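Before anything else, here's the structure in question.
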């Protein structure tokens, strides 16, 4: 394997609190190859978001090393962007202005053509001059994805991006994300607590324990897209995932 | 006085009672007028109650009025309207408030944003701001005269001092409530320094800043009377002080009404701003 | 928890009310007179409120109040301090006070506007001065041409005097710019060079003089010997219904005035006493300043206070010609001289002011 795009070496993170320190991440070792789509799957509050923040450079690890392209992460960078559940897009700016957020150092015509390209990619043609307040949840999330892709990041860190959407929109957004990923070849680390979501999207699923987060198991999903959710292999992996999450009796 | 005030109150109450069964499109016109009618009638009655009889030893009795009636006030206002006093003085007051309020915004918004974002700026300046904020503009009058003399500048200073602090405090509080997601994604996309203020902190705080500006504009319009107590010789505040000195209480009340009406329209204009696309997201749609 | 907060609020409110009452409420002097004075064994004495401004022109008001406070019999005159004429005027219109000292033309204007009040006595004679900046090159009245002079109010006799002088020196209206400034701010306005001069009642002239930036250009006696600044005004209702009370008040004021002027030639101990009492108990000013004003010969006098018809007619003419009062009024419409006592029959029953020992004790 060549140099991994993302590499975490014995990373821990704890937060100081009034009643002592809270251990959130307890020794994670993880590597993502360029172009890989990996899901972090774990129960709510298991420190998944913290791991993304560490990789994005929005927070510093308590110990261990976080490397992107072999270099330690020191500060946030446009090469590695985060997409949040609560969108993080600016309600005071139009769709166009939001998507152009990371393109401030380009020329006007470059900005224009890039915005046009990604607006088309996420299917928001005609909404360029609309404010987010007038968009549906799914459309807002697409703005967030377009804004992230527009800077042509090497890495996209997605923190339960579809969590706030209704289930139908969620399904179509997943399909769209896969379509975009196949085209852009971006490395994606996707956090979710939804087993089906992880199964439908990822090349590899990393199961995390409840807080403090440790890797319980890594499961490779070698199924072609679009995946047959009723197929035997799908069902087998799904059962295994539930088992490792400690809820096998629930199905 | 006659019985008209009592009849007016009865009619207005009737409007309120019947109004509960009428549609909002009727009541939103009828109710304000009914309220106004009650206030005017109560005003007239209170004038009547304040009047007293003066009895002389020779048996003659004289009725002594104490407070101007609504009609006398309206007559005084019509007079002032005809001779242009109201227009002239409203312009003078608006000028002072406009300049003072603009200075307050130009100073207060950046200062508030800075104090809201930078903990060190907050540490250094917040005690000063919070200690200056509660000082009444009237208390500043002697200093204003010493520093700025008895021209417009002193009156404008009073407006500035009374409207800056609500804006600073408002902008600061607004920054404190910005959702962390906005700041994170901004940093993620390489926004920092002055750009962070321009692209995130300011626009994210703007709806709340607008509310504090609305309050501050109300305050500056309110303190115009105090500001114009300073030897300036124009303005609605001066009109009130001058008419008071001249024993013309109908003009005093007329000036008060004028300040109220202009203040109301200023507030109305500020509320229009809330409809701008850049800030509309920050206001609920109930009203 | 909520109960605790509610109880706390009640305790704080109650505590503040009690503390405010204890610290700030003035004693009301409705005390019962000693039983020895009244056969019936003690009655509640009447109380009567008279307004004043802390200026030497109104000195007889607090003096009379202090005297009746320390006397066992008669009405107690309460001296109610105001800081500006408009508030005083409004208290009078609303019948919250029964009598007050105020500038003469304002009293006449009130009467002209239909407020039922009458001038019954004068407050003092002289007691004002025209003051200019010490280092200015203004040395005569004509030097004031084109300059700004502060006046206490357009309804002050100081304003009318300026018009009278301007006419006398052949100047037009506006040759000297007159600016209304509240009396206490006159010295500061001169000090800050906001005006070139001011004309106002004492002790503000002396203050500018004592603090070194003011120079007396003219004493009032040099400008208009019959000048009247402040007068005692009583509501017509009180005159109609409580004649004896007004009589008692005017006699008290007259007696205080006589007492203040009695030993002027022989050390003026009375005035020193008055400066101490009034400065510390009523004006909240340095008694030294008041003493300075009161001890200067001819700066202010408290004799000859019966309203003189000829002077008032002249004031009325000036007021009408300067449009302060719309229509000429007859002297009797705003003045009632029937209360002015024969000065032979009034006197204070002591030489030194009563209650001085209390003040020196308080000082320690």
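Quick notes
Read from first to last, the chains carry the letters A, B and C; within each, the first residue is number 1.
What we mean here is this: contacts are C-beta pairs under 8 Å (C-beta built on N, C-alpha and C of every residue); 3 or more make two chains touch, one makes a residue touch a chain.
For clarity, every value in this text was computed on a predicted model and none was experimentally measured.
Nearest to the global CA centroid, when each chain is reduced to the mean of its CA atoms, is chain B. Chain centres here are C-alpha means, and the one lying farthest from chain B is A.
Per-chain Cα centroids separate chain A from chain C by 83 Å. Chain B and chain C, compared by their mean Cα positions, are separated by 37 Å. Once the centre of each chain is set as its mean CA position, chain A and chain B turn out to be 50 Å apart.
Contact with two or more other chains is made by no residue of chain A.
Multi-chain contact residues, meaning those touching two or more other chains, do not occur anywhere in chain C. Residue ranges on chain B touching chain C, taken from their complex, read 50, 52, 54-57, 62, 64-66, 142, 145-146, 149-150, 231, 244-247.
Residue ranges on chain A touching chain B, taken from their complex, read 56, 58, 76-78, 81-82, 84, 86-94, 101-102, 104, 131-133, 147, 151.
Interface residues of chain B facing chain A in the complex, by the touch rule stated above, are 179, 181-182, 184-191, 195, 199-200, 203-204, 206, 277-282.
Remark: chain C residues 85-86, 89, 93-95, 109-110, 113-116, 153-155, 179-181, 185, 188-189, 192, 194, 236-237, 240-241 touch chain B in the complex.
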